[in-house]
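First chain A sits with chain B, and in the next complex the same chain sits with chain C.
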Partner chain A sequence: MLHIIVCIKQVPMVSELPWDAKTGTLKRETAQGMMDPSARRALEAALQIKAGMGKNQASITAVSMGPPMAEEILYEAKALGADQGVLLTDPRMAGADTCMTAFILGKFITDHCPDAGLILCGAMSSDSETAQVGPQLAEELDIPAIGYARRLELVHDCIRVERHVDDFMELMEMDLPGLVTIDHADESDLYTPRYVPLGGVEAAFNAGDIRIMDGTALGLNKDFNALTSSPTKIIDVYSPVTRKENRVLTGAVKKMVDTLFDDYGKIISSAMGKDLKTHDHEGDV
Partner chain B sequence: MDFNPCMKHQLIRKTVQEFAENEIRHRAAEMDKGPGFPEDLIKKMKPLHYFGLQTPTHLGGAGLDTISYAIVVEEISRVSAALGLCITVHNSVGIYPILRFGTREQQQQFVPPMAAGDSIGAFCLTEANAGSDAGGVETVARKTDHGFILNGTKIFVTNGGICSTILVFAVSETDPAQSSVFIVENHTPGFSVGEIEDLCGMRANPVASLFFEDCAIPADHCLGTIGQGLKIGLSALDTGRIGIAAQALGIARAAFDESVSYAKARQQFKQPISRFQTIQNYLADMAVQIDASQLLLYRAAARKDSGRPFSAEAAMAKLHCSTTAGMVTNLAVQIHGGYGYSREYDVERYFRDAKVTEIYEGTSEIQRMVIARDILTRPT
Partner chain C sequence: MSVEKQIWVWADYRNYFQSRVTLQILARASVLAEKTNATVCAVVFGDQVDAYVKEYIAHGAQKVYVTDDPFLKTYNVASYAFLLTALVRRFAPETLLIGATRFGQEIAPRVAKQLETGLTADCIDLDIDENGQLVQKAPSFGGNLVAKIITPDTRPQMATIRPGTFQELPHDDEAKGEVIPVPLPDTMPSPRVRCLKSELHPARARKIETADIVITGGRGMGSKGKFRKLFDLADLLHAEVGATRPVVYADWVSSEALVGQAGKHIRPKVLFSFGVSGAIQHTAALADARFIVAVNKNPNATMMKLADVAMVADANQVCSGIIRALKQRIRD
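Here is the complex of A and B:
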């Protein structure tokens, strides 16, 4: 029996994020949530691995650390086919950076899922894009990890992982237990998430509650506080300022074209994806 | 009183929204050139239980409650009302009467392929001389030694061009006051489909006339018992009205959302037209009616789920939602000006689609009769 743990995260659905200026974190309670697209791909990978194995040969636990409203994505995971859903939630866990998030997830897996064979995460979440939680969690658990996987295959007691690095493919094998983070969409799109079946939603809610664990249930110290324990802090969050400026080029056409290429050649060539030789036209005159 | 949807209903809404936005929205205008729905789209919807919304799981459905069912119809209709129509008619007046009145054998035989989406359902009552007045039905069922022989013509049958399990409302040849509902399969000799109707809206849905010429059906294809026709019909319509109300609400919300973004973007007199009080008044009126529609619809659905009578509530919801759809789509075209009258803008389609919600599954006038009857028969 292979126990697959999929770490999922609720991210805000909107692109304009409400931030708490004081703590430098996202005001998650005011945003409409959804399952992080990359985590959903990780869940899809787990579902496909499970489907490829015999009946009762694999079990999937979806776990998330987040505010109480994150319970919804655990029901969603169950609607998609996860066997169990666990929410780690406590006001004391709020404000955790990637390091503290990995610590809390690690504590859960070590103490409550000692049989965990394969741990899957999204490569990076859509709201913070650090790509750190997966590797940090592997460190917490002291197990090997491979990032940015595009294809997984169970081979005996290890997992074969295909990943795309720069311009070549890499094929690796890793002993289990181990952790793999799933890359975002590519051309082959093996792990494009399936749609949630409506009957799955109904069944997920009928099948009983999501297991909810607070700091005490998880065995965290009484004075544990994720915000103050986090080694990294978000100092400021702001939208990058863009400036629009109109500029009128004057003079002879040749001079205008030269100026255009001299001053904006780099921008134009990067937009076109081509190197522009800026002074090739000189010989034509 | 809790006006917040529970987590399950929230998740159902998000689930349908995701599917509708990714798979339906970009093809809705093309589908409107109809008739018919893209096969690959229907194929994707089948395993997600869109054709067995309230069908119990042991018959292959999703086993949803009525609130969830209304949410699904509302969200599908928000992107394509014609597809929303297919779904709601199939689920409510196609499958529901078999679940409610059918024998165990009828349920086992007919429901699983319907819930899987392999057999689309239709319900036909309307005839050339029978609409609001079901007493005018002229399709007759003659009792024979082996079953029944149906003769008659039904018109304006939703899903007519694609249906394979058809519930037919017919009267007894010997006693025109006695009506029954019969299950006819599309491969029955004597059954045929007429031309697809050239309608103002809902153009993707292949609405058609259906002909029954000496259509012989076995005795066990009579739904419920002989003479139960009116009871089945009224019960199907009560349920169907929740679906049509949800559909109308979906159309209204779509038109409203388009109007808000257009009003913010459209510049006249060097400012967005949303700055003008007239436009603001329109938007406010639309929002209030939509909100009221939502409350009426989900109250009716909740009543049905709790097992209480919901006929008057469903009629109120249907009346208000469809009136709102008419009013909101009309104002949406007005806010869009000339563009709103063009096929290039979705509000033109919403405007055409909305009208029929005031007509089918009981006209607004019939809804008022149902509501008034309820008021006047209440104990004082």
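Here is the complex of A and C:
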């Protein structure tokens, strides 16, 4: 029996979000959430691997660390076909940087899923875009890892991975247990996430068995605090300033376009390497 | 005797000459080193890498640590991370900078985790504060924000930097640097990941990064069909077309076109931006655009504030208007 762990993350659906000025971290609890697109691809990969194996040959655990509302994406994962959903949530986990996130996920897998064979993550989440948690989780667990997978194949006790990295097409292989991150920018349809079946989330919700674990249940030290334990500290968050003339044009489209070419046509034509009539007059040479 | 402070740049030379990120980071490291009285060092792993070592010295490396061994012929994350971690423990640099290529983004977090130190991804700028600490400026979360991050208690201070963020120094043949060979340790772990095949396979000509005119489109273009109009405009302007993430996610255009932190960095002479709101992940990648024309119905969109000329109108209509005007104005 192959136990597949899929690490999923809830990300905000909107781009403008409130910040906590004191800690410099995002107030995730106020944002509308969705499952990170690259984590969805990882879940899809897990579902396909499971489908390719015999009945009862594989089991999928979806795990997420986040605020209580992240429970939603675990119901969604179950509706999609995950066998178990686990939410690691505790105010003491808030403000974790990638290093501490990997520590917490690692603690869960080591202590509560000792039979984990394959661990899948999205390569890069759509919100923080660090691509760091997957590789750091592999270090935490001291298992081999392959990043940016486009195709996975189980071959006996190994996993074979195809990936495209920095203009190199690579085929790699490792024994299990191992960790694979799924390419977030892959254009093939192989791991395009399936849709949640009609009524699926409701059914999963009614089944009502997302396991919720706080720091104590997870076995974290009672003094544990992810924010203060994180080696990186956010000291300031600011809006980048601009230095442009910033001329604002309004009104009829034709008039605006004429102004653009009349006043700035030279800049555009020199970039094009072509001559432009900058004033729209007959005979203007 | 005071201990020499060092700023390290891990040398990512695969697919050099196209990939110049190491030279770009060396240039920035030279500025940081001047402010902290530190030495700029490159760290090179590989098989027969002399040419790269010389290149890094010519581009600002004052010292180069080199492990040159046939065992290192193929890039291998686990072996390289093991070596780099061991070297950092031995020589204790203040700072370790790594290019945010995909390989760099794999090796950096692993080394940081082994060293239990902090790592900031995708910095758009690096500076030194009054305490001599590395200030890592990175785009933060979704909105229009940049976070300043420090690593106060652990060393080295680690950061990855996107290709194209800094300008490389001119090649200086006269530059002198010390080369420090570091033999491959006897204790190398046998690789747990086996590389069965690794072939150079360029995705496609990356013209957008070097194009003089770039047209970017966002959700404000309205639909996949209307977005296609940008390509008609691009034909007239000899431009390349880029897109924001929502547009790529909506499948209006392939992810190859993504301009942003996670996609392409551009530095056009002229940028036309249609219906783009201007999230920091996107705008960070066009900081070097010289002249920006933005079109958006919302005059308060960040992209409009960044523009030299901001046209408050429907992006799609202005696109058509510019196409019409160009057809009249281009002299062949």
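By our rule, the second predicted complex is superposed on the first by the 234 of 285 C-alpha atoms of A that agree within 3 Å, B and C clash if a C-alpha of one lies under 4 Å from a C-alpha of the other, contacts with A are read in each partner's own complex, and residues count from 1 in each chain.
FYI, contacts are C-beta pairs under 8 Å (C-beta built on N, C-alpha and C of every residue); 3 or more make two chains touch, one makes a residue touch a chain.
All values derive from a computational prediction rather than experimental measurement.
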{"item": "Of chain C and chain B, partner touching more chain A residues", "value": "C"}
{"item": "Chain B versus chain C as contact partner of A:79, first or second or both or neither", "value": "first"}
{"item": "Partner chain in contact with A:71 - chain B first, chain C second, else both or neither", "value": "first"}
{"item": "Which superposed partner A:171 touches (first chain B, second chain C, both, neither)", "value": "second"}
{"item": "Touched partner set for A:212, first chain B, second chain C, both or neither", "value": "neither"}
{"item": "Partner chain in contact with A:196 - chain B first, chain C second, else both or neither", "value": "first"}
{"item": "Which superposed partner A:268 touches (first chain B, second chain C, both, neither)", "value": "second"}
{"item": "Parts of chain A lying in touch with chain C, wherever the complex brings them together", "value": "12, 14-17, 19, 24, 26, 37, 97-99, 102, 124, 126-136, 138-140, 143-148, 160, 164-175, 178, 184-185, 187, 230-240, 242, 244-250, 253-254, 256-258, 260-261, 264-265, 267-268, 270-278, 280"}
{"item": "Residue ranges of chain A touching chain B (in the complex, touch as defined)", "value": "34, 71-72, 75-76, 79, 195-199, 201-203, 205"}
{"item": "Contacting residues of chain C [partner chain A, same complex]", "value": "14-15, 18-19, 75, 77-78, 101-103, 105-106, 108-110, 112-114, 116-122, 135-136, 139-154, 192-203, 212-213, 237-238, 245, 249, 254-256, 258, 261-263, 268-270, 277, 279-281, 283, 291-293, 299, 304-314, 317-318, 321-322, 324-326, 328-331"}
{"item": "Residue numbers on chain B that touch chain A, as the complex places them", "value": "7-8, 10-12, 14-16, 18-19, 44, 47-50, 52-53, 57, 61-64, 68, 72"}
